[in-house]
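Heads up, there are several structures right after this.
Shared between the two complexes below is chain A, which has chain B as its partner in the first and chain C in the second.
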Partner chain A sequence: MFDRFDIFFVQQLVNGFSVGLVYALVAIGFTLIFGVLNVVNFAHGEIYMIGAYAGLLAILVLAPPWVALLLLVLAAGIAAGIALERAAFKPFRRFRDEASLKSKAMRESTLLSSLAISIVVRESVEKIFGADMQAIPRAYADAMQEPISLGELAVASGQIAILAAAVVMFATLQWILKRTDIGLSIRAVAANPLGAQYVGVHVDRTVIATFAIGSGMGAVAGLLIGLYQGTIFPAMGFAPGVKAFVAMVMGGLNSIPGAVLCAIVLGLAEAVATEFFGQGWADLVAYVFLVLTLVFFPTGLFGAGRERV
Partner chain B sequence: MPLLEIDHVTRRFGGLVAVDDVSGAIAEGELVGLIGPNGAGKTTLFNVICGFTPPSSGEVRFAGELITGLKPWRICRRGIGRTFQNLRIFPNMTVFDNVSVGAVGRLGIGPVETLLRTRAARDRARDVSARTWQALERTELAPYAHLLAADLPYGRRKYLEIARALATSPRLLVLDEPAAGLNDTETAELARFIRTLHAEGLTILLVEHDMSLVMGICQRVMVLASGRKIADAPPAVVQQDPIVLEAYLGTEEPA
Partner chain C sequence: MTTTRRSLLVAAALAPFAAKRATAQPRRVLIGYQLPLTGEFSQYGERFRNSALMALEAFNRAGRLPVPVDIVFEDTRSDPREAVAVARKFVDNREIVAVLGDFSSSASIQAGRVYAEVGMPQLSQTASHPDFVKISPWQFRNITTQAYEGPRVAEWMRENGVRRVAVVAIQNDWGQSVVSNFAEAFRAGGGEVVATQFFNPGNREFRAILTEIARARPDAIYIGMFYEDGAAFLQQRRQLNIRVPVYATSSLYEPKLVELAGAGAEGVFLSTTFMSTSPEPHVRAYVEEYRRRFGSDPNMFSAQAFDAVNILLEAIVRAWPEVTRARVREELAKTRDFPGVTGVTTFDPETREPAKTLARMRIENGQFVLVR
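And then the complex of A and B:
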């Protein structure tokens, strides 16, 4: 009897872990953009949704093989990210002096412009595709639901795919940041935009690259999670967006490893919470974590004294 | 042809004329000082040269080409390196990475090339690393290469900024009040260092408050007061100039 409970509990943790990975996938791009621009990109959840819809369209029209599907969605995410940057962020970077760079008003204006874009995009998608859940064609959705048993535990192939995607994205991002020229520029702009432009860093191009990378990853996350859950809908980006935001704040606002870790903790905590409370209370966990972090660790759990992004 | 040519530059902020019809030139290989009391317009002129603010009228030419209106990174890539009075290092990156940013800035190789390890990417990575080490060695920062920039003592951070600017391979190096916050010993060391850079063939414009530094090492000094250029002559002449003495040094004996 006790054994059964144990394995059930572990199974819950496994599920919580994979939910946490979902949040982590979203949080990676979110935190990258925050780290560089020091602004919250409220449209990141919509990039995630666009990724899912782009994937659905590709499946319906072309029925491409998996690799092609991933690349198509990656490209759609990159394009959407660049468009988003041009529309919502670029107009507020006209002023290059230090006062504007540090100005709260400038930051808050991109907060609102990205929110505005997110609403426009979400409503447009709703207008075109309808507000209802769209089912992913079986051939693709089923591939994510293959049961795989690990001893007494059961996981779906989709969970493995999400784990793999999270590992690959995290590793790719670290590689880009630490090993490539563009990564070096991204880190420099994150640390000091003014100093960076005077040593020859093309700040504009660096910001675009940041959006392209963050949004490409966001779109792929949307596709995978949409496939795994079997349905997509225009507002699907909201809930993971909120969780990713909480993970980012907990992780110290500009620490990608911190955000990933906190996203996983969040997923686990939600799974454990549903053990003791009803399912409906799971969302409360994120908000409680957020409040606790802000009260007791205002710089986040991993925030102080480390490199941005 | 002079390397840097400032041609009737005026910069207004509303009703305030911060820089008033200033002209001047710096020839290749010169070490020139730019001085003036607070509010004289030094920083504004400096910012016009580096592309931070466009001039209201007038032109700046570098190596014969017009650079007014270019973005700061473009001007940097043309060959003007600068340092900041209030340091703008990347505190939580290593000393090596800080300087690499300067070395990389000029021409980027994308992640795809890096991933495919194309010949160009490999050559460039080697080039970036070589230029970074060279800049670190010139500023004697090589032993600290793997320290975080934030962990360097203040005096060393000044050299880090200079190293980062040197890594961009500038033809003209503009130093903004490099002696600010340094004690006499450190200032003397800095003076020797600037002289060495100059002796190696670098053209330098030194914007400075510290008289002893400017008068001690510069070949020529431009003096700004209330936005106008009031003198442009070797230090010995400037120090005797009654207009300069009145406007800048007051009634005190020149240092």
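And then the complex of A and C:
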């Protein structure tokens, strides 16, 4: 039993931590949108995929420097997020009366409309680019896939980039939410959309801003993870999307720090599980966690607070 | 019911002529080819037809028989139901002496039941499911299965001094067959399988598996997966600085593997039956003509079909002049050392499973290179 706790175990923790960061990157934007609208945006995985494809196209056509590449992808993500909001969410907010705004059915129809958009987008990308994995120009792929040895441990340059991206995104988001006017309106709408409207917050504009921020971050995550894993394909958003969803539920649905923490716990648990079961069973860990959380902590591990987002 | 009655009537009406035909030579020999020419697998059917036409034209030009041979192509979309309909059509055509196809195992098996009932030799270029040749003595295939490949790779590793091996495969029927066939042969040869890991289809994160494997300190890793998973696996192996040599199933023979995995793919060993860059003259001739006529490189599927057609034509030549379904079946079962573009093929007369020479390759400087 204890012979398991060797250098390989530490390596396994490093692996798990980086997997967790991948889930966390996706979960940040996902949770932000849920916090505001109280509805799951099923198309977040496709925003993630669009980010990767937009980045890949930019690399192939322009071969821009990294900063420009990230800004381009951020812009593409923001545009895609605004378009998504317009197509899948806006039409269901056209009734202004109190009953409609409180109606669960209204909210839940966006569940299906976002799912529909996600299928259309994924299939279209498949028609245009094909369903197989895209080759990434070596100069960019190598920058994210270079092995780095730390004593007996090994990490990839991309893992460090993803850690940095997660920290920057998390900090930026906290800054936006706590220090800017738009952040204040986002928090107001998240806490009580009707109340926010009554005190003069422009709810529509706030929702669009939320989508822009969440999707921009989702797109950047898609590109970074796609380059780091070397896997850019139409269905790439699905697997991390599911894990990000689990992390979000575990974290209490509307707590971004909670989702990030749970994402990392999830990644670590999956890697450690591989030590004891076949890897085929590791996926089970996420769902066992989900069920345990729902049974014992119905509001999530970090969802008890009154402050949303 | 009507079909049976009608075919009985036709058979009765033709009976006097049939007796005569056995002595008089037929004006042509007809083969049926069922394949997907529309639908999601049409790119494969297209390749089969291209190769079949090439083989057939060369055969008729050479004048090996006094009468020409013809192939009737029928589209099944590789759908098991359509495959059955086409099979019925083929068996009702008394002129057809043998059938090629279908593409997928499930379509081939469904059609195979019809052929087994009536007694029509069927040769599939790609049906690799174990059950296919077990339907009846009328089924043949010229594609090898893991039951053949696994022991060959095990032998190759033994020759290279590998004693301890870790196996990683995709979690599906095929992946299971990769592991069981290889592991059995490797253990029988005195080797030790120190770790076995299956991963769920769609998973591209192999670091946990790789770390777990590295702890077992194997001499080599054997991977059974497709090229997209393989590319991710090989890259992550490089990132984790695991310098153990990797052997792979023939399914990883795909130029895109190198494109996707980059430096990670260096040094991988794998076996294949067809190599479009092979220096052998008959393979080069085939590749060049295919490229000239159809403007693309033939792949493993095109080559499988090319050999299937030629194997069947050879059997017909041996059966001549008595080219009946039963005789063609008998001669197919006698196929020995057929020099195809996918290697030298021999059919086991009992199990009707093919044995082939497997070429050994290694990825060097981003190229698949033959190992001598």
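Points to keep in mind about this one:
Methods note: the second predicted complex is superposed on the first by the 304 of 309 C-alpha atoms of A that agree within 3 Å, B and C clash if a C-alpha of one lies under 4 Å from a C-alpha of the other, contacts with A are read in each partner's own complex, and residues count from 1 in each chain.
Convention: a contact is a pair of C-beta atoms (placed from the backbone, for glycine too) under 8 Å apart; a residue touches a chain by one contact, two chains touch by 3 or more.
Values in this document were obtained by computation on a predicted structure and should not be read as measured data.
After superposition on chain A, the partners chain B and chain C are seen to fit next to each other with no clash. When the two structures are aligned on the shared chain, A:I176 is found in touch with chain B, with no touch to chain C.
When the two complexes are overlaid on their common chain A, residue A:M133 makes contact with chain C while staying clear of chain B.
Within the superposed three-chain model, A:V203 lies in touch with chain B and out of touch with chain C [touch as defined at top]. In the superposition on chain A, A:N192 makes contact with chain B only, while chain C stays out of contact range. With both structures placed on the common chain, the touch criterion links A:T231 to chain C but leaves chain B unconnected. After superposition on chain A, the vertex angle at the CA centre of chain A, spanning the CA centres of chain B and chain C, is 150 degrees to the nearest 10. For chain A, the partner that touches more of its residues is C, with chain B and chain C as the two candidates. Once both complexes are placed on a shared chain A, the shortest Cα to Cα gap between chain B and chain C comes to 37 Å. Put simply, chain A uses no single residue to touch chain B in one complex and chain C in the other. By the touch criterion stated above, chain C contacts chain A in their complex at residues 171, 196-200, 202-205, 207-209, 211-212, 214-215, 228, 231-232, 235-236, 238-241, 256, 259-264. Looking at the complex, you find that chain A touches chain B at residues 96-97, 176, 179-185, 187-188, 191-192, 194-203, 205, 305-308.
Residues 50, 52-53, 71-73, 76-77, 81-82, 84, 88-93, 97, 100-102, 104-106, 108-111, 114, 124, 128, 150, 164-165, 167-168 of chain B are the ones that touch chain A when the two sit in their complex. Within the complex formed with chain C, the chain A residues making contact are 6, 8, 11-12, 15-16, 18-19, 132-133, 135-136, 138, 141-142, 145-147, 149, 154-156, 229-231, 233, 235, 238-239, 270-271, 274-275, 278-280, 282-283.
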